[in-house]
């Protein structure tokens, strides 16, 4: 979609800003301005063990994992690792590493760096936020470019997601002196990685990377990456709409009018569905523990209205199985009954279900049984405006069938404390809108949400037979077997409604291809396109090509 | 020689003066075109707030309409991206904003009066303590304090916010009240009241406070203006239950949903303008009250006008004016 | 009153305040002359228009006050004919004024010296700062304050000292006329007396005329050679001060005032007030303004305003004396 | 009508003040002592005039008498009861006996309250048991101070009254509690000459009719003499001279009294003012000598070091001076 | 001296109050911040990791007084903890990054607004009843009543988005390097024009009207009339006699305005993504970054109190009466 003659039309708009700010046009053409999300201001923290607290680009641009497993496409990308293999019934993992990789200070990368990184996590458990050493027994180097991992029990999804794809490798020669990696002070001045970019400038409102000319995958064509800070969605929206950003992951309203129309030739977007957003019923609540109540709620919710009004059409209604379609189509049970494939609004049926279960409308027009009204608090996060709007819509929709909802918006901490107060504590909420975890396969989502020990089983669902299915899935690497297990889970999810799917949460992705091409686009979706998915964004930016 | 009736006849020439003076404060207030405009503007908002259910055509939270419609006959202020009627929201928002603004303004003034007058009248240690507290609140930037408090209060309604605003925003008023009360407390009539056995409470309530009405009124106006702005600011930053309908939350939603960038001016202009106009009405009334309180602030007529007025007056009341010696 | 030219001539002066509810006739048809080196007292109750007259002479009327009639001449120059710039030079060098309250007449945030220098340097362009300083010291000595107080701020001086400073500023440029608007009312008797003595002494030394405004009868009687008595904006009597006692015939108002003051040393003290209270200047009584309070009032007093008549050395505006011959203004 | 000849009521004094001391803190642990060992007594129906220059402690004495200030020393005995250090309820009780009228007629009435309201509270509080309605009593009070017609006056607000009328209201308010004794703090100094006489006469009448005692505070000797049976001259918080009115005016003995007399305008026989400085007296606690020493034309060393005691010259005439004339 | 000690006493007392409040507030709060922080790093929570992080965040379980003294000690030694949001970046370094922006932008605007507002107030009071006197207060009053963030948004939209006359966000351009270099300074000035304008519009009214009212009162004072009679030149009359005295009651407001510089224009900084303290504070609050909130609160309180103290001292300089009398406030 790029066209040299057309770039003048945009620069007509832009020339005013650039000339005024004295920017030199020649350098800015090689610059890619990225706004992965709306970040108020930046702290000079490039420590890969700080997780989300490090600035965007730390993970991916500078530090790399061994492999990257893409949730969107299911593809595997080799980074510091060249290949891996499971043996010993899935308990041993052998990885072959890159032999051309170098740290940006010139020191060659070896298996010792990998071993060092994992040993550090063992030594400093507070840095091991993924709990790798709860599964791992040992890490050993075999020669310069081979590493062998030994696990307590076979757990292939875990090994892929966290060991191969979730642990960022740091240079032993620098970090061995730093002590606890979680507390190490890594700033723009001393960040040494193997990735395609190097940090070159930092201030709290803006930082930049330059291409790593010695990158083992070849020097990236994009010479400078620029990350500006934005205080709010609206200020980021304005910058995006006025062409200041080329690669963004922002939820911008009315995108056709506000963004695409500004430069239809180059401004594009794609919001692929990514992870289901669910309405979590607290199953410890005796009313919500009744399937008929959950079904009635589900039947009364107009997911299209949520999609159109709450999410301005960017997110599609979810399906009963909580699978994200089409990306996870391969995992969909072909024999699933039609009723489990999509939702339909049916207020009448909802009312009938409730009446059949013995509920009667009381003087407030609310269904009640034994003096207990179907009246629930619906918890959302204050400031997450699309969820807030969804909650308002749900309140109105449920009202129509005689279920009362009070929307309660809490600040994030309070919200999180309510839904997940920590080990040994009972969550306290009635209904809550919340997210799901995602992984390369639906297993991650389902396991976290529905397994008795799942890390995001906030609704309190307990089903021993399902737990057994998950165990079996983790122990096999046969795809067809895995699928069979997932089919079983899908049915339970759709028919028991332990959680009520609402929408398929989208990935936000806007781009301007006037200067660079090669993004992962709707027509050529070769990787998760969003700029806030660290590894995939780094891979995208590494592979972008300038227009001329 | 003795009693040449010292009893002074009080009836002489007073009834007229009395009538004249009694209304003069109100007159000065209403004669001033600025305060008059302020009152009218304010009255308009009050009417809207009171009759909100009658004026608003739709339920303000109903989401049944088409999204982001520009103003039309059926939606004179258009609709929001959630399909709500902006006009209805504006009308109901007037009510919430007005209640919060006036409520917070009045409440903070009450606190200011209580603290200020007590400190000013009692003096001594009480004064030192209250004054120190007041000074601390005074130098703390208001919004910063509010936001910090908000970070510990979850999910606050506009009314809760109003309460917080009032609880943090009384200091300036208290300072004014205190110095005013100190002046009044030094007046002899306070000493006289004490001599005739009045209690501290009675003195504060019946002797001091009534003499501060104009200062109090002025403070209410100022505090209301500040409260309206603070409430909208808090709401805009998202520190308010967004399910509520106030001008502040309208601005929050319009900005969250990019009303400006998508050209939906009908969504964010009315609440902003509403706040500005309501605030202006408070400021104008305050200006008027100031002029009543302090006659020196009354802008005198221009020389031309004085001459004109003089002529008119002389013509209309020739009989009362001294004429040249001859007669 | 000799044939020398008057310093101050007030002719048919009327001043009114324009208020929302009508005109306040603060000064009405006033005629008065003050001659060089003379002290004339101006007496009247609160609100009778004394200050208004003083301000009118100085052309310092503010806001809504209007001279509706008449003229004010200083040394033959009509004050109201001067341009703004001329007025600034004329005022203070020819006529000066001492305000009622010295505390409020001095700028609280400036030293005494600066305030004296301001008066000097604003008028005397030829004067160097040093000369002005010397003159300030001289003036301080003249009003009997230690010149070290030049560096003081007003609040560091006592009330009497402040009033002296104001007097020093008033005479700084050797004006021909000094108007003193109740300069000692706020002071203690002893201080008041010493300042009055001072004023008299300086007046004799330097030589200027004084229009001394006060409501204190005995004080003015002692200080001034002539006394003008004001009631409701009119000068109802002008009398040499040595004739100001009950043995003489006076305007009934003057008489009432004289009876209202307890005599300190007389054997048998009797006092008596004047009934009623001052008129509303917005709605003056018809005829003689004093008639509602006058024990001798007759029908004519209610209808006709009396003319000024010479009664011996006095000029009185009262129908009681109407059989006397009509004289021109003094 | 003359009062000078009236003899002070004999018998037990209504009010007996002995060695009254008042001090105020002025910071840094220092005190000023604007009233220093002042003693006097007032009989029923007697008027004592207190004269002295500004700051000499006149009002402070007055306030101490009605117990708006607690004295630091000495005693105040009223009707045989020591009220020097009473507190709380006792003070409120005491106020039935002693009241005060203030100098500023504009400041002593609350502009927001009607005349009726001003009077109703003390009447209700102190006179309720009389079997007469509050309203009738207010009428009675207003008649007593000459504010007729009462119906008209009751409804008025202070700003609708002239200064003289206001002082009458203030007096009525003081009378409302039926006191035995009133401190009148410069009640006429802010009034116009023509109105002063009326207020003075009213006080005189009250004294005669109700046998009220007054402490009349003023800086004007003429009115002090007019209304007072005795005059007490104060300087720097100390009594300089006290004598029956006529005697004090005719035969002043203290240099300060004489200075005052000389300075008072209207005296036909006065001489030139002696050369004195205008320096204010030292009010600090712990001062030495005669407070008038630094202004006294007759000053000697002894004046600066030794405080002159108050000596009785003749019956009822006492002076505190080392060199009385 | 007495005045100085009095004010110093107040300063110390209120500093102590602010610090203690700062200690108490987060401890009154429900919930566990460490947990919330880990929540953001979706994944399995390792109990020992949780413990370590809690320790790092200073949320020990010792007795309260012990925590209090430890807290005081940490404050004095500059150990204000680490931000949750930017863990392990220290609060001090975040604050020191944003402080200069706020101080420079708002300090300059506040001073300009005070100076311009005061001058305008003086002049319209002098020419009272004139056209300017009738128009300016009303217009600025409206400006004051407009919500500043709303005006800011509209300015950004028209002058930034539609017309591209001014940048829409940030304190400086992204093509310059922060530091003492000309391009950066010009860029910073250029970026500050719009926010400065909005702050100016919002605050000018108070200064104009306050000064006008004080001037009108002062102009009626005898000493002004006396000075006019003395023949003092108009300019000196206005400024040395009238304005000088009229300014004194304004000083309190100026003190308050100056003390609110650090935390006073949160909305403006937020709207313009201006990298100052107010902006940092809103970010910290919305991400519940308690150590940072505490730090910001502390810096806001401390600067406010210290500036107030300085202005109080200045007040003593300007008004000779205060030096003697002691504290008036």
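We call the chains A, B, C, D and E, going by the order they appear; numbering starts again at 1 in every chain.
As a convention for this text, contacts are C-beta pairs under 8 Å (C-beta built on N, C-alpha and C of every residue); 3 or more make two chains touch, one makes a residue touch a chain.
These numbers were taken from a predicted model, which means no experiment stands behind them.
Minimum number of contact steps separating subunit B from subunit D: 1. Relative to the C-alpha centre of subunit D, the farthest chain centre belongs to A. Which two chains touch most often is answered by the contact tally, and the pair is A-E. Here the CA centre of subunit D is 55 Å from the CA centre of subunit E. Inter-chain centre distance (subunit A to subunit E, centres taken as mean C-alpha positions): 39 Å.
Rounded to whole angstrom, the centroid-to-centroid distance between subunit A and subunit B, based on C-alpha atoms, equals 50 Å. Shown for subunit E are the residues that touch two or more other chains, namely 153, 157, 161, 220, 270, 282, 286, 288. Listed for subunit D are residues 1, 162, 164-165, 198, 201, each touching two or more other chains. Residue positions 1, 5-6, 8-9, 17, 151, 238-239, 255, 260-261, 300-301 of subunit B each touch two or more of the other chains. Of all the residues in subunit B, the ones that touch subunit E in their complex are 34, 131-132, 135-136, 138-145, 147-148, 150-152, 172, 175, 225, 229, 232-233, 236-239, 251, 255, 260-261, 268, 272, 275-280, 282-284, 287, 290, 294, 296-297, 299-302.
For subunit B in complex with subunit D, the residues that touch the partner chain are 1-3, 5-11, 14, 17-18, 21-22, 187-189, 191-198, 206-207, 210-211, 213. Per the touch definition, subunit D reaches subunit C in the complex via residues 1-4, 53-54, 162-165, 192-198, 200-201, 219-223, 225-226, 249-250, 259-269, 272-273, 276, 278, 280. Subunit E meets subunit C in the complex at residues 220-223, 225-233, 236, 240-241, 244-245, 248, 318-321, 324. If you check the complex, the residues on subunit D that touch subunit B are 1, 66, 68, 92, 95, 99-100, 102-104, 107-113, 121-122, 125-126, 146-149, 152-153, 156-157, 159-162, 164-165, 168, 170, 173-174, 176-177, 198, 201-202.
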